[in-house]
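What follows is subunit A paired twice: with subunit B in the first complex and subunit C in the second.
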Partner chain A sequence: MTDNQQVPFGSGMFQGQAKFVDYAHMNQQEVQVNTLDEPVTDTLLRDINMILYKLSYVIIPRMKETQGRKLRNWDLWGPLLLSLLLAMTLGINSNQSSDTIFGTIFIIMWGGSAVITVNAKLLGGQVSFFQSVCVLGYCVFPINIAAVLITFFQSYFGFFLRIIIVGVAFLWSTFSSLSFMSSMMNEEKKVISVYPIFLFYMFLSWFCIFI
Partner chain B sequence: MEIGVQKQTQEEKQVQPEQFNKLDDSGDKKSTGYCGFLTVEYYTPYFNVTETDVIQRIQATFLPFRPDFLNITKDNPDLWGPIWINATLIFLITAIANLRQIDQEKENQQFDVGYVPQATALLYIIAFGTPAILAIVMKILGVDLSFFQTICLYGYSMSTLLPITILCYFQNELFLWLIIVYGVGNSILFLIFNLKEELDKLQIQKKYIIIGIVVIMQLSLYLFYKLVFFSYVSEGKVEAKVASSDSKIPGN
Partner chain C sequence: MSSNGSALKGSAPDLAKQLLAQKLAQQIVNQIVSDDVIDDKIEEEENQNKEPTCCQMFCAPFTLKYYQPFFNDLTTKVIAQKLWASFFPFKATFFEIQDGKADLYGPIWIYATLVFAVAAAGNISGYLATPSNIAFHYNFDFIPTASSLLFGIAFLVPFAIYMVMKMLGGRHLHLTSVICIYAYAQTCIIPVCIVCSIPNPQLQWGALIYAMINSSLFLIVNYWGELEKNIQAKKHIVIWLIAGCQVVLLLLFKMYFFLYVYTNPYTGSRFDQLTKIDHNEHFFLHHNKH
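Presenting the complex of A and B:
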């Protein structure tokens, strides 16, 4: 296998260079063929890149459908990391047992995503289960930021400033998840498909105000 | 995970003897009738509402003397209402119960997350268990009301609790008891007036059995509500701990 041949799969990796390939834009098939022999840092970097790439979509919500297409490659690492981070941050400062809070938030996040997805499916939307769970999980990122800010800078924030920060985070999360989910929902049942998402993020944000 | 679509009944009739030799399960929806309730497609007909329908149904629950509700939902019982009204209630209970505690103890804000699993268990068991029991009893006694219609009716009757929960923010004990009594009255009247048409076809004793079940379940729901979630918060932590320790939910 020489370099002159037109090999469709990433033949650059056989040369053993530490070249930084933009994995997030590669085809899913191109990546899967060569991943068994690569060093662990490559694997981790690829996954972290994927997560950061998707987070950039969350931070800058784009209303056009075509630009969200890269998010069709769902993964659950991002939501897992975000939910763990959120549950730990909110559990640190609580006076009572932090494992109750951890458990509650974890279950609300995953159970809530599952229930919202099943609800959207039942209302006739064209959603794939894991794509929707992935999107809902990633869009918790702004609430995560708010929780970290409030937990670690607690003494500087009065009650009203907390409400403002959490309110902004809640609106941001809802808006960015809507930009993905609304295209998949049934036209005439949009409000009742979207209301559970609103309730879900409201629930998670409410925890941030009080901790 | 597309396990069969309703449109395949024509094909099914034609390939009836070959049913067990098929490689895919696309036509097996009829033969797996006992496990049909585990698929998503089984419940899709019950989500056939838009937001105007939902709002109309919720409005109908606040006017119990006009039994419109059963007429509206007879052909189209929906499950969206019961599920999400109860979810909203769980959120409101957590929110308002914690807001009340904040006002009492400015220094020692304790966020009691224990309300979430308690509220979830209480509300969903009552919202789906009571209509199940009611439907079984009614089937035995001969009333012609389907299971899903009962769930729909009962779930929407919970929407009386929505404004009551919001009003429970205020600390005045008398006011709380007043609105609880109003809530009990409203929901019992709503349920009874809507079942009246069906119940009038029965004998007196059977009618009272059903009315009795309805009344008892509503009373216990509202009492749980008041005593577990919104007990009088005077010295903050102490009262809340006393209330949660004598709650009637087992294993807590």
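Presenting the complex of A and C:
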């Protein structure tokens, strides 16, 4: 067996045969299994780079279809980190109901993304479930920035400046995710599929004004 | 596989044999795969002719396909027409829009908007009503309460109306269509909430009474044909049920969300005398309590 040039399908699991592997004939699954060997920092850095790469797409919303590259590799780490960050930032300030806030934001974000995606699918959009949840989660990033700014620089901001900051963040988020959602739907169903996203980000932004 | 162990080594006849062996292997694999495919097709045809199993019948509401008919052919224009019709309760045109086809888009998003509107408006009215020497605490408990209340009545009240009407002899009724029209009846509460964010009690009562009359009338007028034809003598039961549910709902709104919301953080009392609280006192009282 060890003299074979071609490695059979499942042998990537047995590290002892790795030295005879012919990379030209290996398939995708066997390449990924070899990442078991790498140090933990490498794995973490790769995930973090992926998250940062997607966040850069959110910061600069693009209206064209070139977003296709981002969408195909959905991941839920980014939305999880962003939702935790948002819930914790908003929970720090409020003393008596921080557990309600945390729970509410978490449920609204994940439940809301799921419902919006199911809504878009039922209305006939050709959208994959996890890709849509991923995009909606990443586009919460501007609201996160607003929440962090307001929490840590509270004394410098008057009420109107808060409203302006949160309003800008809300518009930014909505615009980012619009370019994804509206391209999936027919012309005549655009408003009814975009309105839920508008409501979703409005809900989350509203918390930032009143922490 | 062969006795010398390595692939693609050796003379031309060996090579030809190996190529032939590979071709045969490929054909066998193809045959197996296509047999599987044919077997699957036969099984599918048989399944279509069979009756649905017990499991399929009960699990159907958990699949997405089950809800697809309620979202077919739904356009912005249709939803806009239905929303517009709910503000004019004296015209019974709701069941003429798209031939009375029920949709579930309306219920979900109207109640979601209502939750947001009520929670936001309740807090704004509390904020505006709190005098300037007292710290205002945003009441986040409004959101879970509002969602439980609204999504609860979204299903329970239409179910009750449906059962009562069916028992009294109504025909041409579907549960989803009752859920749908009940949700569109609640649309008028959204602008009413915006108006109620001003903390004037008379304005709030007036607006909520308008919402109650509008929504009850909308339901009654649209069901009038059904009530007259099939229920006749006992239609008052249905009318009182509908109006009663709306009254209770709007009383709950007024008593919980739009009450004057200054809550003393130490005693929890909502009707405290307004006294000046400064930070030293906060500190002192806090320590005294423990």
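Before moving on, here are some points about what is shown:
To be clear about the criterion, the second predicted complex is superposed on the first by the 177 of 211 C-alpha atoms of A that agree within 3 Å, B and C clash if a C-alpha of one lies under 4 Å from a C-alpha of the other, contacts with A are read in each partner's own complex, and residues count from 1 in each chain.
Heads up, the rule we're going with is that contacts are C-beta pairs under 8 Å (C-beta built on N, C-alpha and C of every residue); 3 or more make two chains touch, one makes a residue touch a chain.
Note that the structure is predicted; figures quoted are calculated from it, not measured.
When both complexes are superposed on subunit A, subunit B and subunit C occupy overlapping space and clash.
When the two complexes are overlaid on their common chain A, residue A:Leu122 makes contact with subunit B and with subunit C alike.
In the superposed model, A:Ile51 makes contact with neither subunit B nor subunit C. In the superposition on chain A, A:Glu188 makes contact with both subunit B and subunit C. Contact with both subunit B and subunit C is seen for A:Leu199 once the two complexes are overlaid on the shared chain. After overlaying the two complexes on the shared chain, residue contacts for A:Thr104 are found with subunit B and with subunit C alike. Touch criterion not met for A:Ile143: it reaches neither subunit B nor subunit C.
The intersection of subunit A residues touching subunit B with those touching subunit C, taken from the two complexes, comprises 94, 96, 100-101, 104, 118-119, 121-124, 188-189, 191-192, 195-196, 199, 202-203, 206, 210-211. Note for the complex: subunit B touches subunit A at residues 40, 43-44, 46-47, 49-51, 54, 80, 83-84, 87-88, 91, 94-95, 98, 102, 108-114, 116-117.
Of all residues in subunit C, those touching subunit A in their complex are 5-8, 64, 67-68, 70-72, 74-77, 79, 105, 108-109, 112-113, 116, 120, 123, 137-141, 143-144, 265. Within the complex formed with subunit B, the residues of subunit A that make contact are 94-96, 100-101, 104, 108, 118-119, 121-124, 188-189, 191-192, 195-196, 199, 202-203, 206-207, 210-211.
Against subunit C, the residues of subunit A that register as touching in their complex are 3-6, 94, 96-97, 100-101, 103-104, 115, 118-119, 121-124, 188-192, 195-196, 199, 202-203, 206, 210-211.
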